[in-house]
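Next come the structures, one after another.
Both complexes below contain subunit A, partnered by subunit B and then by subunit C.
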Partner chain A sequence: MNKVAIVGTGQTKFSKNEGNVEKLLFESSNNCIQSVNDCNLNNIDGVLVSTNNNSKYLGAILSESMGIQPKISHSIEHLCSSGTNAVISAYAYISSGLSDIVLVSGAESATNPGQVLEWDKSRGEFEHPIYWGSMLTKSHKRKFQTTEEELAIVSAKNHKQAMDNPFAYSNEPRTILEVMNSKQITDDLRILDCSRSCSGGASILLASEEKARTLSDQPIWITGIGQKTTSASFTKNILEDIKSTRLAADSAYKMSKIESKNIDVAEVHDAFSVCELMAISELGITSNDKSGEFVRELFNTENRMINPRGGLIGAGHPLGATGISQTIEITNQLQGKSDRRQISNAETGLVHNMSAAGTSSSIMVLEN
Partner chain B sequence: MTFFEEQLRQGVFQICYCGKCNNVIWPPKEICHICHSRTDWKKSRNFGKILEFSKKESTYFGLIEIDEGIRVLGDISSISIPEIGQSVRMSVSFNSKPHYSFIVENN
Partner chain C sequence: MNKVAIVGTGQTKFSKNEGNVEKLLFESSNNCIQSVNDCNLNNIDGVLVSTNNNSKYLGAILSESMGIQPKISHSIEHLCSSGTNAVISAYAYISSGLSDIVLVSGAESATNPGQVLEWDKSRGEFEHPIYWGSMLTKSHKRKFQTTEEELAIVSAKNHKQAMDNPFAYSNEPRTILEVMNSKQITDDLRILDCSRSCSGGASILLASEEKARTLSDQPIWITGIGQKTTSASFTKNILEDIKSTRLAADSAYKMSKIESKNIDVAEVHDAFSVCELMAISELGITSNDKSGEFVRELFNTENRMINPRGGLIGAGHPLGATGISQTIEITNQLQGKSDRRQISNAETGLVHNMSAAGTSSSIMVLEN
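After this line comes the complex of A and B, so read on.
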């Protein structure tokens, strides 16, 4: 298999405004191409689009807008983890030799209704993600004695870190007390425990080893990939763990020949506060019963190792763009280009993106 | 509207199961994905247990496992705070989407 590198990145500002998905795809793609020195568009032979939007033929539309006539062009949808699944599809095209240079672009409009999985009849009238979020949170509190303050720290930390992310939809600091006193959604969720839908776009350019050497002085290599889908129905999983994440992490670590202790920086899928605690445990960074303490320590020491761009809670969650934006953050961290968010001497990073209450997870290990 | 949804509208939760390998098939479908035989229906006994719960405004809701092994989210009626493992009785309806309601037994 050919090695695959990330050689360019571009984003739009995430916002609560209504966004046009074609425009967002174009804007972030344009920013991405501009980040690459002397990028000849004629050499891009793949264009993949990640979105949950109902607009059709977006791969071809983006290609035409950009002036690209690729061999391969199509959309990828996998709810909240569409973005990483598009990046991994590009990896597969390049590593297999079917393609040399692939543009991956993700976008979502804040008004997109696609957050609810109507197919899942086991949710009854409780279709919205806040209901599974409440179940996971209550279960975590019950099983691991997780406190409301520990959950609030996740949100306070991620809001604080998002203040230094120019693309985040929220640049407001939130104290632990503000989170704990924010609007109550259910007995187990406050509004500031929830990531919010927003508009936004994110794009990356991937290339084979040979092409990457000509396109970038600092290619970032995708060295590990793990994916696992356990079900589509929320109710077919137990509440205490995210099995898909654990299994995907095992695969990604095995492929990259690293262990969790080697991770310098990670973007994890904090759809709700509890998801960050569960994710860092399933990734082997800490354990479930110590995850609250782990995050408290990060917050108190201003260690940005987890979700330096602010995660989904701080940066916003434009579904199709989220996984790509996470990948961009880890890429920039490993290139030493994260300004005030920079983790010193970061060499190995991880991206964790998941869908529908953790029924599916996608993980990538990146190295410089 | 599917047979399952029509039956919900009439207040009946139909369990889809395979007549050959006897597995419960959820969500319902015409063919068993394990042995590929045609599936059949039987009425649920309408009893279950609370696996987890929370509350939105004044309504308790939670994850319930009904006796036939299917798990659903529904609202819970109880005069006191529900408990994990508590037995509940199910009633169902359908109005554009399924509605599963549970009453704590011996309430």
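After this line comes the complex of A and C, so read on.
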């Protein structure tokens, strides 16, 4: 198996502006190519697009817009974790030898129709993520005595961290009290507990070991991959834990030969504040009953180890771009390029993304 | 690199009935699993869906419906060639070692909204494939003195061959005269020159060499892969030839170490009758100026070498299922399981699929 590295990154600002998905793909791809040493577009032999947008043939459209004539191009969709799925697919193409250099670009428009699944409707399932977000929150509070303040800390921390991310949707700091007093959406969720749909694009360039050395002075290696789909819909099982994350983490740690204690920095999927607490537990960084305390300690000591770019709550959640933006953050952290967000001496990082109440998860371990 | 084999196949009938994409995915997947020796669903670690349908999270929905909890699942879209892209993606996952056994399932509903690209509209491009089909036909007639009768033979041949395909959309033989007298759509195209959108599902199971030996007595090996995207929209370049097919074929032949003369049977993308003539030329099976004559000879001698299942014109064109159905046909031919459609002593086969006026192509060489 060929080793695979990330050699370039580029993003657009995440915003509530109406976004054109083709333009967002192009803009972030262009920024990504600019970040690479002398990248000859003729050598890019894969272009993968990640989006939930209904437009078709975007892989070819982005390729033509960029002046790339790749071997492989197509679009990938898996709701919130489309982006990490596309990055892992690029890894597979390069590792298998079918491709040498792959551009992965994700984008979403804030005006994209909501992700209501006809299949859920037909089964009488919840039509909106807010309901499972609320049930997960209620369950966590009951089972682990998690307080409303601890949940609010997740949001306050991530809003604060997003202040140093120039691409973030949010540019307002939010105090714990502001979160706790924000508009109530359900019994257990307030508006500031929720990530926001928005427009945004994010792109990375991946390469085989041989090509990576010429394209980047600081290639970042994908050393661990884990993925798991346990179901498609909210089930009782989900309330207890996020099994897909635990199983995916096991695979990723095994492949990379690291343990959770080795992780210096992680981007985790905080679609709702409770998700960050659950994710860091399933990843083995803490445990569910200590997760509130863990996050409080991070907040009080200004330790940005979890979600340094502001997570989904602070940075915004343009579905197709999210997983790629998470991967960019960890890449830049391991390259020491994260300016005021920089974690000191970060050598090993983790990306965690998931979809639909944690019914599926994708995890990558990155190392410099 | 791990070798990759096709170890199971399953389809639904292609029809004009309104199809539910989730049901079509399930039905063909179920038929596929039934075709495999003692397949333990717990061992399937990838589920890839190919479709142009706007429903989301179908990889997880199909997995839950089937009782599979894979590592990898997502949807892949690349217009007409979504299916071959998904098969090649599965190849990459297995070859890279990220996965051992992958189910690839494609489906389309006849009620799916048409594939009009907003991007084409914004550029003043043709909104419907019929226009580029017509221009390709006009160009071929002018450049290679191709006659209307030769074009009609493609359709008559494929309709005839579809009569022996129980899953085909068409169940009517069509004479050359019937094709030539069918309803005129443009100056250069009649209705029977065109493939039909329809409902249908097709699934295959792929496995690593180690797993393939236990799952099938007749694994069929993917020995060559070639892909190319030259642009996204119809360009002058396209009128001259289908460059993406020629370049993809070069890669596939090189990887598999075969030449075009070694091909015993091929499924090629005949969205319009002229496409079959162009495809067999770009694949090196004949040349453009002799392609009409070549197809006439096949028709007169009842040689089913090209499009034995009836091609897109005879079998129907449910976009997401097409490439997978083509792959199934070649697999079954190489296994000697094609009943009345069987090519004798078929050992090497080829699958050719393309999208949007041949702006991208995917090719696979299969061997038994």
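The criterion applied here is as follows: the second predicted complex is superposed on the first by the 360 of 368 C-alpha atoms of A that agree within 3 Å, B and C clash if a C-alpha of one lies under 4 Å from a C-alpha of the other, contacts with A are read in each partner's own complex, and residues count from 1 in each chain.
What we mean here is this: a contact is a pair of C-beta atoms (placed from the backbone, for glycine too) under 8 Å apart; a residue touches a chain by one contact, two chains touch by 3 or more.
Computed from a predicted model, the values in this text were never measured in an experiment.
By the touch criterion stated above, A:Thr348 is placed in contact with neither subunit B nor subunit C. Once the two structures are overlaid, the count of subunit A residues touched is higher for C than for its counterpart among subunit B and subunit C.
By the touch criterion stated above, A:Ser273 is placed in contact with neither subunit B nor subunit C. Look at A:Ser73: by the touch rule set out above, it reaches subunit C but stays clear of subunit B. When both complexes are overlaid on chain A, the residue A:Ser360 reaches subunit C alone and has no touch with subunit B. By the touch criterion stated above, A:Lys228 is placed in contact with subunit C alone, subunit B being left untouched. In the superposition on chain A, contact of A:Asn52 is made with subunit C only, not with subunit B. In the superposition on chain A, A:Gln161 contacts neither subunit B nor subunit C.
In the superposed pair of complexes, A:Ser251 makes contact with subunit C only, with no contact to subunit B.
Applying the stated contact rule after C-alpha superposition, one finds that A:Leu239 touches subunit B and leaves subunit C untouched. Comparing which residues of subunit A touch subunit B with which touch subunit C, the overlap comprises 118, 233.
Taken together, the subunit C residues at the contact with subunit A in this complex read 1, 22, 47, 52, 54-57, 59-61, 63-64, 69-79, 82, 85, 88-89, 91-93, 95-98, 115, 117-119, 225-233, 248, 251, 355-356, 359-360.
Interface of subunit A with subunit B (complex): residues 118, 121-127, 131-132, 134-135, 137-139, 142, 185-189, 233-236, 239.
Of all residues in subunit B, those touching subunit A in their complex are 4, 26-27, 51-56, 61-63, 70-75, 84, 97-100.
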